[in-house]
Structures are given as structure tokens and as C-alpha cells.
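I've put the structures underneath this note.
Both of the next two complexes hold chain A, though its partner changes from chain B to chain C.
Now for the complex of A and B:
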């Protein structure tokens, strides 16, 4: 009750501070001070504090199960464990927007205190652009998605949180992803500010690179967490479904990755300035676009969120205002400098990064078209289609081969003008890679030419990166680690695809099922009671082909609020493979449907993503710029 | 000059996107029927999922009860979502569910049914996707309610939800 009131008024005050900040910074912009006024920074801090208060009071309402608050009523229940009461705060539309606001205000405050050595006018303009975004989000929250709406009479019990969201990975997935998304807002604001000030220079590149890295790392980790969640919770045994919501997180990642590479060129040669600005704008626009597409319910997806057209229209208008604003600024202020694009020598690091950009743009357009084409088609011809994985695989895989080869090759080139060194070693690596993949695929009896090519390319990148790691010692280590991670990712995904096997059968307690030399034994079932669900635990003994025995205990959970039955897979993870067992009720008899999967290298998929992100982390903390 | 032209083209393109999204907002997430009111069911011959023999539409809809034709596929994510509701509906005596397995791999489809249960009294194979078109389907999942006079009286684009399920129950009561 009280907490909701405090939360609501803190939000209103936060909005008020936005206007004060705008006024103060415009005044500061025009006066003769060389530095940013103290009061601007204080105001920004106060704004942050009020948003934090608001966020904390929402958490408090959730913890106390205060059902006079509509958001709490809709998404919580007294029997939920404390942990999920807290994480439920951002597991819903209103709360997640409040989290957006929190991160937005936090980041601009950090930006202000971390950019002391930058020109005053640039810092203030960044603040102003960021405040435009912040004001937009304040209005959005207050007008269409107030998390502190009051309910009377006060309901005795809440509606509960969707059980599939009651999960540790999903509890931290939104905050991490948001840090990535919102981090891109700082890049957006500061690149616009830099454009108006003609400050797209080497110094700016060095300064903004940190922010690009931070967003990129969080975005990578956020996507991975979502994927891990999908893997064990949705129980289909897959980890990426090309679902619109997944695509939406992938798109800013692609542009951000391209931007990361462009910043290197900017930092070194002060070129590719247009690329840098356009990519900065696009990354944030895509993040916003993602929010729009998800929150408006315009897309059909497994992620079902509230559909409220008013919300959709607000974000849509806001999104396009930002796009038009940034485009006008770009076209009016941006002066292409003469070092740009056209006069790169064909064989140089710059050119290879440009090639990387075009690859990224290609992947982006595939994902973008696959995601929004159904919406366009629906409006124009009222025909409804859904775009599935085959579309993405067919369009992306062939280019992936070239892309992998380039990734191996590009970083070896020098700036400005280069020649191919060690041709022999490159060729011998290529031959070795092809040979290895041929041998492996022969052994596995999956002799598809296309797999051979793709795996060879991935091996090529892998070996080159490993070699670089030893030869170069600690030069360029961040790049080598990230590229190594990427090659490992592609390799593990491919082998996982090829080698996965699965047994599906119906069994009852006490039965044995034999398949080849392996055996599944359904020992017994056991009932368990938790505060928010009852569960049936199946005890299984599995003897695999080498005679090893493992025990797996999948569960069927019957959640009480709302009443939903979920199947919790039991997964035994080892270094080489995951054993995945899930059971389901079969209607009307004592049989259970059993699905047992052996999925090789699952752990390595996550490790690869961690490696990729780790590359970014090294770069973030490294003092000296690599050659 | 070239710059200005670029700007104008970009603006036009973006405005177009804006209009599309704007329109999309107002009509896309509704799964209510618009067309096909009281349309006759098509006459066809299709292969049966289990027996792999051909069967005519007359035979499929021979009983004097309501039928629900549900187009599904194992690769279709929303189909999994609606499946539990279909299972629930299949308990109802006054309606029979006919599955139309759309452009699917037979093995995957069987796994799907084994795993999630079979709400259908009969499943027809539509591996070329032509049968769906005969019904006037846009994609998967899609569901048609057929009354005792063998007319399509309702059509639901996209997954069935609780609300639609209640609707159907009300009609067939």
C-alpha cells in the first residue's frame, strides 16, 4: 500500500528531474564553464536514486505480497518462494519496464562520472539525448504501464507467476539482457552527440569502445542465459528455435558485433566513421524495435506477453521519433572524412573489417526479414505465415562457410597495406582441417558434402586461433579468444546436431526398455510437496552402451497458482555429453511418456559463448591497445 | 544532392514501415474469424496418418456430430501450446477432432503425438499442404469448427486459447 504510493510518486519525481536536468544542461551548454556543472551531475544522481526507490518499493510490494498492487496481484502468489517473489518483479511487463528505466538512469549517471576527460559540450549533448529516451520511457511507464496501479477491494490472493518463469536462469536473464540493450542507448546518445560536435574521432573511439564492449558482453551473456533456459525448461531438447523473440535479441548483437570491429578501425585509422554512427543508431533502434515487437504482441511467438494496442502505439511512435531524429542529425551534421571507405588497400585489416561488416549486414537482413516479413505480409495481403528454422539455416549456413574462413584470415592482416604471409602454413592448416572433418564424418556415417565443408571451415578457424594463441602469446589475446570461442560454438552446434540421439517410448513403473545395448529401467515414482507445487518424481536407472549406470529423476510438477503442469527434465551433464530425460503424463492410464536424449557437447556450446564474451572482457580490462 | 535523395528515400521507406506496423498493431493479434462463414467443407481424398490408406472426406465427417479440424505440425511451436487445450476438448462427447498434419515429417509427427498425447479421432496427412488450402487455411496452427450440417461455422487463425475453447464448448453444448 504505502510502498506502492512511494514507488509511484518517486517515478513522477524521477520524470520531473528529467525536465530539470534538461533545463540545467541547456544552461550549462551555453555558459562559459569548461566543465560540466556539479548540479547537473547531482540532478542525474537524484534521478537515479528516485528510480531506485521506485524499483525497491515494487520489490517490497512483491515480497510482502501486497495484492492491492495490480502488478503484484497479476504476477505473484503468497505460496511462491521468496526468491521468485523478488524475481517476479521483472518477470512481467510493468516491472520489466521499470527495470529498463533503472538501467537507463544508472548508465547515464555512470557515463557522466566516467567521461570527465571528454569535451563538455559532447557530454552534455549525450546527457540530453539520453534524457529524451528516459522521458519517453517515463511517460510510457506512467501512462500505459503503471506498475503501481491500485486494486480495491484488495484481493486475498494473487494470480501467481507462470511456472515456466519460476526458474533461476530466467530470473537473471532479463536484467543481464537489459544491461546489453540499454547499454546500447548510451552508444546511441553519445554517437549522436559526437556527430553534432564533429567529434567522431580517434579519442571518441577509445572512449566509447568501453561502452560498446560492456553492452556486447552483457548482450552475449543474456542471449546465452535465455537459450540455456529454453534448453532445460521448455523440454524440447533444443536451445535455439529462431523464435521471433530470440531473433530480436540476436539482431542488436549482430550490429553491435559489427560496431565493435568498426570502432577498432576508428581508433586506429579514424576511418569508417559513417559505419560507426549508422551502426550505433541501428543497434539501439533494433533494441527498441525488439521491445516494440514483443510488448505490442504484434508477433506470434512462444513468449506470450500482454497484448495492449495502446502500449504498442506508444512505443511505435516513440521508436520512429527516435529514428527520424537520429537520421536528421546524421544527415545534417555528419561530414564524411576523406579517409573513409573507398581508399583502403584491398588487402588490409580495414578491408577485412569492412568485409566482416557486410557479412553481419547479410545475417542481420536474413534474421530481420524472417522476423518481420510475416507482419508485413499479414497487413498487405492478410495472409498469415510463419517462418521456421529451415529458412534461416538455408540462408545463413552457406555464407557461414565463407565467414569462418574470413574470420581466420582477417586478423592476420596488417593495417593499411598487407600481404599474405605464411601461405604454406595457411594452406597446410586448411588441408588438415578438411582431412580431419572428412575422417570424423566418415566415422559417423554422415557423409554429407555440405557438413564437411562447414566443419572444415570451422576447424580451420579453430586451428588458426589455437596457433595464434601460442605464437602471439598475449598480443591480440581478446580477439583470438573471441574468435576461438566462435569457431568452437559452430563446431559444437554442428556436432551436437549430427550426433544427438533420442529414444521415445511409453513406460510404466517397473518396466524395462532395451534399445541396442542400452537399457532404461523405470524403478519407481515418488510424490513430493512444495509450497507452490506438488510433484511426481520418476526414478530411472539407465545403463548405457558402455555398461555405465546413471540415475535420472525427471519430475512432473503440478503448480497450484496458476494450475499448470510442467515437466522438469533431469539432465546429467558431463564434459562430453548431456543425458536428458523428461517424462510426461499420458492421459488416462498408468503409462508415462519417456523421452531420453543424448546430446553431445552441450556444455561446450555454453562454454563457447562464455569464451566469446570472455574475449570482450579481456579487451575491456586491457590497458594498451593491441597492434 | 545525392545525400538529399538518400534522405528522402530513407524517410519514405521508414514511413512505409511505420504505417505497416501501425496497421499491424490493430489487426494482427486477433484470432477471430473473418471469412468462411457457413462455407461447405471441401470434398477431398487424403491419406490416413495411422493406416496410410486413402480416405474420402465423406467418410471422415460421417457422424452426426460437431467436428473440429485442426491443422498442426510437429515443427510448429504454437501447436505445442494449444495441444493441452485440444486434449481437454477431446474429452467432450459431442465433438470429434480431426487433425490435419501439415507439411510434416511423419517420424517427427508421430513423436509429437506420442509425447503430447493424441486428441484426434483421426489424423489426415497433408504433406503437400494442398488440403489446408482447400480449407482456406493461412498457416499453422489453424482450426475450423464444423457443425452438424457439415458447414464451416468458425475459423481460428493461430493457437487455440482458453477463451476460444470456452467459445467452442458453448457452441457445441
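Now for the complex of A and C:
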């Protein structure tokens, strides 16, 4: 009760501080002080503290199972383990928006204290733009999605959290992803501020690069966590489904990656300024669309949108205001400087980064169209369609070949004007890559030309990166590591695709199933009781084609609140392959639905993403970019 | 000098324009081939001819209709007006149960039989695919 009230009023106070901050910073903007006033920074800190109090009180309500709070009632239950009570705080619409708000205010405060050496007017304008976003979010939370709504009479028990969300990876997935999403808000605000001040310069590039890196790293890790969760929890044994929810996190990642590369050009040559600004705006817009679309359910269906018109309309209006505002600022204030893109020599590092941008834009448009087109068609013709993985594979894979070659080749070029050096070594690497992939694929009996080409390209990038790693020492290590990670990612995904095998069957307890030389023996089932679920554990003995025996124990969990049956896969992970067994109960039947999969290199998919992010981390902590 | 620069710029613009047009064309073309339409059992009943394309059927799994043997799962999808038999050999998702919403992807054999290649699990908090909700008329 009390916690909810404290939480609510801190939110209102936080909003009040937004207005105070705006007033103080406008005053500060016009006075003669050369620095940002102390009181502006203090106000920002106070705002942050109030949002933190509000967030903590929501967590407290969850921990105490205070069902007078509607959000808690809807998403929690007394029998839930403490850990999931806490993480349940951001597992719902209202709580996750509060988390957004928290990160928004946190980042602007950090920005203020970390940008001491930047011009005053630029810092204050960034603060103002950020406050526009923050005010929008405050209003949205308070008016349409208040996490502190009362319920009376107070229910004795809550409705519980969706069991598939009760999972460690998914518990930390939203905060990590949000750090990435919301990090892009700082990039958005500061690029708008920089445009109005004519400050899209080298110095700005160096300063904003840190923020780009931070949000890029968190976004990459956040996407990976979501993907890991989907892999073991959804029971399909896949890790990427081209589901709208996944696509929407991929889109800002693509623009952010492009932005990251543009910043390098900005930092070095003060060029590509329009790209930088447009990408900053797009990244944040896509991030915000993403959060809203998922949270409002527009993507799954247009009709859930109509269920809560207030939220939907607020979202749309707010988004349009932001986009409109940023476009006006861009067109009014932005002046291309004469060093810009058209003056690039055709063979240079900046041209190759420009090429990278175009590739990213292409990938983005593929994902965007595939995600939005079904919604669009539903609105205009009420025809229901879905766009499946073949669409994406067909459109992305061919371009990926060229993209990989460019990724290997581009970083070797020099700034301004370059020659192709070491032609022989490049060609020999290419020949080796093609030869290796031909040999491997012949051995695997998959003679698809397409795979050969793609794998060769990935190997090419891989070898070049490995060579660079040894030759260049620590000169440009962040880029090399990230590119190495990417080549490894593509390689492992491809081999995982080619080499995966699965057995699907229905079995009774005590039955044996033989397939080629492998055997699955369903020994017995065992029942277990936990505080919030009962489970049936299946004991399986599996003899693989190579004669190795493993025991796997997948579970079927029957959660009590809400009553949902989930199946938990049992996965045996080794360096080379994952063995994945999941069973499903079909109600009122003695048969269990069994799915056994061997997925090679699964671990390496995650390792490659970690490598990619690690490249970013190195760059973040390195004092100076390459000579 | 000047002429060369202008020419280069034109070439550059033309190249961009061409590649944009090409990629839009590619995307739309492959969208046409890879789109999967969603239909309810009633819509299937009203079909004039059976299409060979992959479709999705959604509705509720009819009570007491699941029939399982060692290599197949058979069940009936209903929208409370019409129903269709589904034959499926594969893994069923977590939330598959009688009286619950379901989406099956596959091919129509005829108006009464559907050969499913995939039963879909949506990661949706509402446990009910929205298409299904609409197919059964917001029950």
C-alpha cells in the first residue's frame, strides 16, 4: 500500500523535475556562464533519485506480494521464488516502461557528468532533447500505464507470472536490451543538439563514440540472451525464428552497427555527417517502435491495438512528434560540409564503410518489410499472412557473400586513397578458403553450390582476421576481434544448419526407438514437487550412432499459477555439439511426444556473439583509435 | 576535370538508384513467393478450389479429438462453426492441448484433411494467437 503510494508520488515528482530542469537549462543556456550550472546537474540527479525510488518501491511491492497493486496482482504470486518476484517487476508492460524511464534518466545524468569538456550549449541542448523524451515517457506511464494502480478489495492471491518467463536468461534479458535501446536515446538527443550547434565534428565523433559503443554492446548481448532463451525454453532447438519480436531488436542493431562505422569516418575525416545524424535518429526511432510495438501487441495483431486505444494513440502521436521534430531539425540546421561523401576516392577505407552502410540499409529494409508488411496487409485488406524464414534467407544470404568479402577487404584499405596491397596473399587466402570449404562440404555430402560460396566467403574473412590478429599485434584489435567474431558466427550458423539432425517420435514409458544405429530408450518417469510447480521428469538413455551413451532428463512442468504446462529441454552441451531432448505430454494420453536433436557448434554461436561484443568492449577501453 | 567529376557523380547516383530499385524488386518478388496465408476452418470450407500452397490454419483444438500413436498426432481444429482434421508427424509445442488455441502450418489434402508440417508456439503472453482469437470470434 505505502510502497505504491511512495512510488506513484515519486513518479509525479520526477515529472515535475523534468519541467524544472527544462526551465533551469533554458536559463542556463542564455546566461553568460561558460559551464553548465551546478543546479542543472543537481536537478538531474534528483530526478534520477526519484525514478529510482519509484522503481524500488515497485520491486518492494512485488517482493511483498502486495496485491493491492494491480500490476503486482496481474503478474505475481506468493508461491513464486523470490528471484522471479523481483524480475517479474520488468516482465510486464507497466514495469518495463518504468525501467525505460529509469535508464533514460540514468543515462542523461551520466551524460552530464561525463561530458565536462564539451561546449555548454551542446550539453544543455542534449539535456533538453532528452527531457522531451523523458517527459513523453512520464506522461505515457502516468496516463496510460500506471504501475501503481490500486485494486480494491485486495485480492488474496495474484495471477502469477507466465511460466515461460520464469527463467534466468529472460530475467536479465530486458534490462540488458533496454540499456542498448535507451542508450540510443542519448545518441539521438546529442546528435540533434550537435546538429543545431553545427557541432558534428571530429571532437563530437570522439565523444559520442563511447555512447554508441556502450549501447551497441548491450544491444548485442541483449539480443543474444533472448536468443539463448528461445533456444532452450521454447523447445524447438532453433535460436532465431525471424519472429517479429526478434526482428524488431535486430533492426536497431543494424542501424547502430552502421552508425558505429560511420562514427569512425567522422572521427577521422569529418565526413559522412548526414549519415551519422540520420542513423542516430533512425536507431532511436526503431528502438522506441520496437519497445512499443511489442508491449502494445500491435505486431502480433492489429486488433489488440484496438483493445487499448489510449495507449496506441499516445504511442503513435509521441512517435510522430519525435520523428517530425528530428526531421525538421535535421533539414533546417544540417549543412553538409564540403568534405562529404561524394569526394571519396573510390578505393579507400571511407568508401568501404559507405558500402557497409548500403549493405546494412538493405538488410534493414528486408527485415523491416518482412516484419511490417503482414501488419500493413491486415489493416488494408484484413488478409492474414505470415512471412517465414525462407523469405529472409533467400534475400539476405546472397548479399551476405559480398558483405563478408567486403568485411575482410575493407579494413585493409587506407584512409583517403588506397592501393590494393598484397594482392597475392589476398588471392591465396581466397583460394585456400574455397578449397577448404569444398573439401569439408564434399566430406559432408552436401554439394550445394550456394553453401560452398557462402562458407568460402566466411572462411576468407575468418582467415584474414586471424592473420591480422597476429600480424597487426594490437594496432586495430577491436575491429579484428569483432570481424573475427562475425565470421565465426556465420560459419557456425551455417555448419549448425547443415549438420543438425533430429528424431521426432511418440513414445510410451519403457519403449525403445531405433533409428539407423542410434537408440532412444525411455526408461521411466518420476514426479517432483516444487513450490510453484509439479514436474514430471523423464529418464532417457540414448545411444548415438557413434556408440556413445548419454542420459538425458527432460521435464514437463505443470505450473500452478497460472495453470500452464511447459516442457524444459535437457541439453548436454559440449564444445563440439549440443544434444537436445525435449518431451511433451499430450493430454489424456500415455504417449509422450519426443524430440531429440543433435546440434553441432551451438556453444560457438554464443561465443561468436560474445567475441563481437568483446571487440566493442576493447574499443571502449582503448585510449586511441588506430593511427 | 569538372566534367569528369559530374560524370562520376551521375554514375554514382545511377548506381544507387539502380541498386535500390533492384533490391525493392527482389524483396517484393520474394515476398510474393514466401508469404503464408492464414485461414480458419470456415474459410477452408468455403474454398472453391484447393490450393497447393502452404497455408496456416488456426482455431481451437476440439475436446477429445487428439489421437496419438507412435508416429503421428491427429486432432481436429474447430472454430465452433466448422472443423478440419489435422494429420501431423512431428513435435508439438508446449502449449498444445485440447480446448486451447492452435496454429498449424502445412498443406491441404482436401477440404477435410490438413497435412501439417509444423505446429506453432507463439511466444505470446496471452497464450492465444491473435489470429485464432479472431477466427473463433473473440470467445
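Observations on the structure shown:
Methods note: the second predicted complex is superposed on the first by the 619 of 627 C-alpha atoms of A that agree within 3 Å, B and C clash if a C-alpha of one lies under 4 Å from a C-alpha of the other, contacts with A are read in each partner's own complex, and residues count from 1 in each chain.
In the analysis below, contacts are C-beta pairs under 8 Å (C-beta built on N, C-alpha and C of every residue); 3 or more make two chains touch, one makes a residue touch a chain.
Nothing here was measured: the structure is a model prediction, and the numbers come from that model.
Partners chain B and chain C, once the complexes are superposed on chain A, run into each other and clash. By the touch criterion stated above, A:243 is placed in contact with chain B and with chain C alike.
Judged by the touch definition given at the top, the superposed model places A:80 against neither chain B nor chain C. Once the two complexes are overlaid on the shared chain, A:506 sits against chain B and chain C alike. Contacts of A:313 after superposition on the shared chain: chain B is touched, whereas chain C is not.
In the superposition on chain A, A:593 makes contact with both chain B and chain C.
By the document's definition of touching, of the two partners only chain B reaches A:323; chain C does not. By the touch criterion defined above, A:385 reaches both chain B and chain C. Of the two partner chains placed around the shared chain by superposition, chain C is the only one that A:394 touches, whereas chain B remains out of contact.
By the touch criterion defined above, A:331 lies against chain B but remains apart from chain C after alignment on the C-alpha atoms of chain A. When both structures are laid over each other on chain A, chain C collides with chain B only at 93-101; the other stretches in 3-11, 21-29 or 93-101 stay clear.
Shared interface residues of chain A (contacting chain B in one complex, chain C in the other): 236, 243, 297, 300-301, 304, 383-386, 388, 504, 506, 565, 584, 586-587, 593, 595. Those residues of chain B that touch chain A in the shared complex are 3, 6-7, 10-11, 14, 18, 20-29, 34, 75-78, 80-81, 84, 87, 111, 114-117, 138-140, 157-159. Chain A contributes residues 162, 164-165, 230, 234-236, 243, 245, 297, 300-301, 303-304, 342, 358, 362, 365-366, 369-370, 373, 383-388, 390-391, 394-395, 504-507, 511, 564-567, 582, 584, 586-589, 591, 593-595 to its touches with chain C in the complex. Against chain B, in their complex, chain A makes its touches with residues 236, 241, 243, 292, 296-298, 300-302, 304, 307, 309, 312-313, 316, 320, 323-324, 327, 331, 375-376, 378-380, 382-386, 388-389, 504, 506, 565, 584, 586-587, 593, 595. Chain C meets chain A in the complex at residues 9, 12, 16, 19, 23-24, 26-27, 30-31, 33-39, 56, 64, 66, 68-73, 89-98, 121-127, 129-131, 133-134.
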